[in-house]
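As written, the chain order gives the labels A, B, C and D, with residue 1 at the start of each chain.
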Amino acid sequence: MVALRMAPEWDITTWLNTDVPISLASLRGRPIVAAGFQMLCPGCVAETIPQLNRIHRLFPADQLAVIGLHSVFEHHEAMREPSLRAFLHEYGVRFPVGIDRHVTGDPIPTTMRTYGFQGTPTLLLIDADGRLRRQHFGHIPDLQLGAEIMALMRDAALKSVSAADVPDDHGPRCEIGATSC
Amino acid sequence: MVALRMAPEWDITTWLNTDVPISLASLRGRPIVAAGFQMLCPGCVAETIPQLNRIHRLFPADQLAVIGLHSVFEHHEAMREPSLRAFLHEYGVRFPVGIDRHVTGDPIPTTMRTYGFQGTPTLLLIDADGRLRRQHFGHIPDLQLGAEIMALMRDAALKSVSAADVPDDHGPRCEIGATSC
Amino acid sequence: MVALRMAPEWDITTWLNTDVPISLASLRGRPIVAAGFQMLCPGCVAETIPQLNRIHRLFPADQLAVIGLHSVFEHHEAMREPSLRAFLHEYGVRFPVGIDRHVTGDPIPTTMRTYGFQGTPTLLLIDADGRLRRQHFGHIPDLQLGAEIMALMRDAALKSVSAADVPDDHGPRCEIGATSC
Amino acid sequence: MVALRMAPEWDITTWLNTDVPISLASLRGRPIVAAGFQMLCPGCVAETIPQLNRIHRLFPADQLAVIGLHSVFEHHEAMREPSLRAFLHEYGVRFPVGIDRHVTGDPIPTTMRTYGFQGTPTLLLIDADGRLRRQHFGHIPDLQLGAEIMALMRDAALKSVSAADVPDDHGPRCEIGATSC
């Protein structure tokens, strides 16, 4: 659980699955479920993307925003925009996905660095006032995530009481510096 | 979705996993997740019991009651109390389970008849004021059930807005009159 | 891996899903996949019974016999014949199942004791000549079991070369003397 | 089931996970399990690659060859060699993978065209004499595939008697001409 600070603005080079670029500010008024992922991170593919698709289908778009952040920190040449576009098509992803910006000489993209992602997947829960309520490296089970989303939808001022309940079994994930996921 | 009537009192012969008998009235003030099940209903065993165990572990007991109702409408001789006790032990069930009462000559137990369960599993969501917010024959996915539970926990007066979202894929279940589950 | 001895005859009180009682001798000429199980053993229900059903559907009955042995060593009152009959009906079991015999004063049934089952599930592979080729406490993955079955079907004289490959992850199982499965 | 013709030689531009290029001829004497796949085909990622990894771990390399054929017929720019290399690394693939050759102007690579793959995944079973025993578009369950592999290992002259048993439920797959998988 991260302290209740304002979620830093995302730094995105290209947005997919949306006609207009998205900013955190433009989503104010709705809670947000966002996930930092990589298209070749096995845990992201097996768990996070299907979970985000389920969330996107279940909750009304005017009450909850679902966002993907493609934060590539390894195998950069393997996960460029054409590969990501094909991935999103094949996996039926309809929610907006932003490509996290790289600056010369740094393998870690800027949004990932700003938030301090430890790797992928990293889930973010942001409330309707733009505060970062939760940042979690790994998987959160559907039952708990459904409850936390509804809490945000019900009470923008809520302190995320269930944040302490994250199970130790965080699922498969890719960590910075690990030789493999 | 059932209209917002008061949940009828359960009619139970024996309570397991609790020192004192439980009544709906005694739970007033907390929302309730209850499920009508049979220990030999494959869908109940594969989906409902593990889901109730997850709910029971995740949410604080003073904020949510989790209850099983053993509503046997078939194979009566096969699912008597000693078999149920062993089942609960082997499947690690710690929440209270009530045995739905049978009256002479009726294969359908009385709570099942009062509520009009179509079969098992049947999920009930009851709010803190004792109103029946949801009665669903079959499975509700974790993401949606987690959200609905949190809605009840947050707002006892809530009209269950998400009730219309139950997916058609209700999972395996045992229906009255079917030759098999 | 058990040495290549003749499989001891089973000691069965009642056969279900067959018009005539079955003996090991009566199956001579066909390899046999048999499993000691209990209807309230969670690992048996989740893994072994579905696996035996798949085997029974896939391989021709005149080339392979599939047999269940209901070897109850705990919760005896909970798993009597009427409960077992309902269980087999609800889980779609069509292959023959024998109820392992109990003698007064011994909680372990006689076939289980003769073979030295450590608990349930226990898989037995018996070749067409009646020799016990494999006895395994726990689960064997489908890929390996499919290969071992075909080896028996192809070569009755085969020494089970792949027996050493049983993975350590044996899946859920019920062990004698454990407080729960 | 394809008639018992000799398996045509593969046409590969680059081999990965092997020090020397592989030809069908060089594998003569061992049966082969090969799969045409694409790294962005969801069914291949969820089912085929894990299944090939299991096969590669279970069976001795001197008795069975496991081969991947990267036959890209869509999203060509998305699945070039650097992306494939990263994919193989992240998914723990250790068996040899050949990149199916493209010729100018044809989106279908040459090995795929020669064999007449309908899409991906396509499984090939080739016997020790180089004959194509089985070509299947979609998934084959582990139990059956394990049995078929052992049959090939046991009897190079076998006519694949179980080929008719492929279940209708072939699992997820990518078909030529479909808008998505």
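In this section, contacts are C-beta pairs under 8 Å (C-beta built on N, C-alpha and C of every residue); 3 or more make two chains touch, one makes a residue touch a chain.
Here the structure is a predicted model, which is why all the values come from computation and not from measurement.
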{"item": "Farthest-lying chain, centroid of Cα atoms versus that of subunit C", "value": "A"}
{"item": "Chain centre separation (subunit B, subunit D; CA means) in Å", "value": "47"}
{"item": "Where subunit A and subunit B are represented by their mean Cα positions, the distance between them in whole Å", "value": "34"}
{"item": "Set of subunit D residues in contact with two or more other chains", "value": "none"}
{"item": "Chain-level touch network, classified as line, ring, star, complete or other", "value": "ring"}
{"item": "Partner subunit C, residues of subunit B touching it in the complex", "value": "40-42, 45-46, 74-75, 77-79, 82-83, 85-87, 89-92, 174, 180-181"}
{"item": "Parts of subunit B lying in touch with subunit A, wherever the complex brings them together", "value": "51, 54-55, 58-59, 141-151, 154-155, 162, 165"}
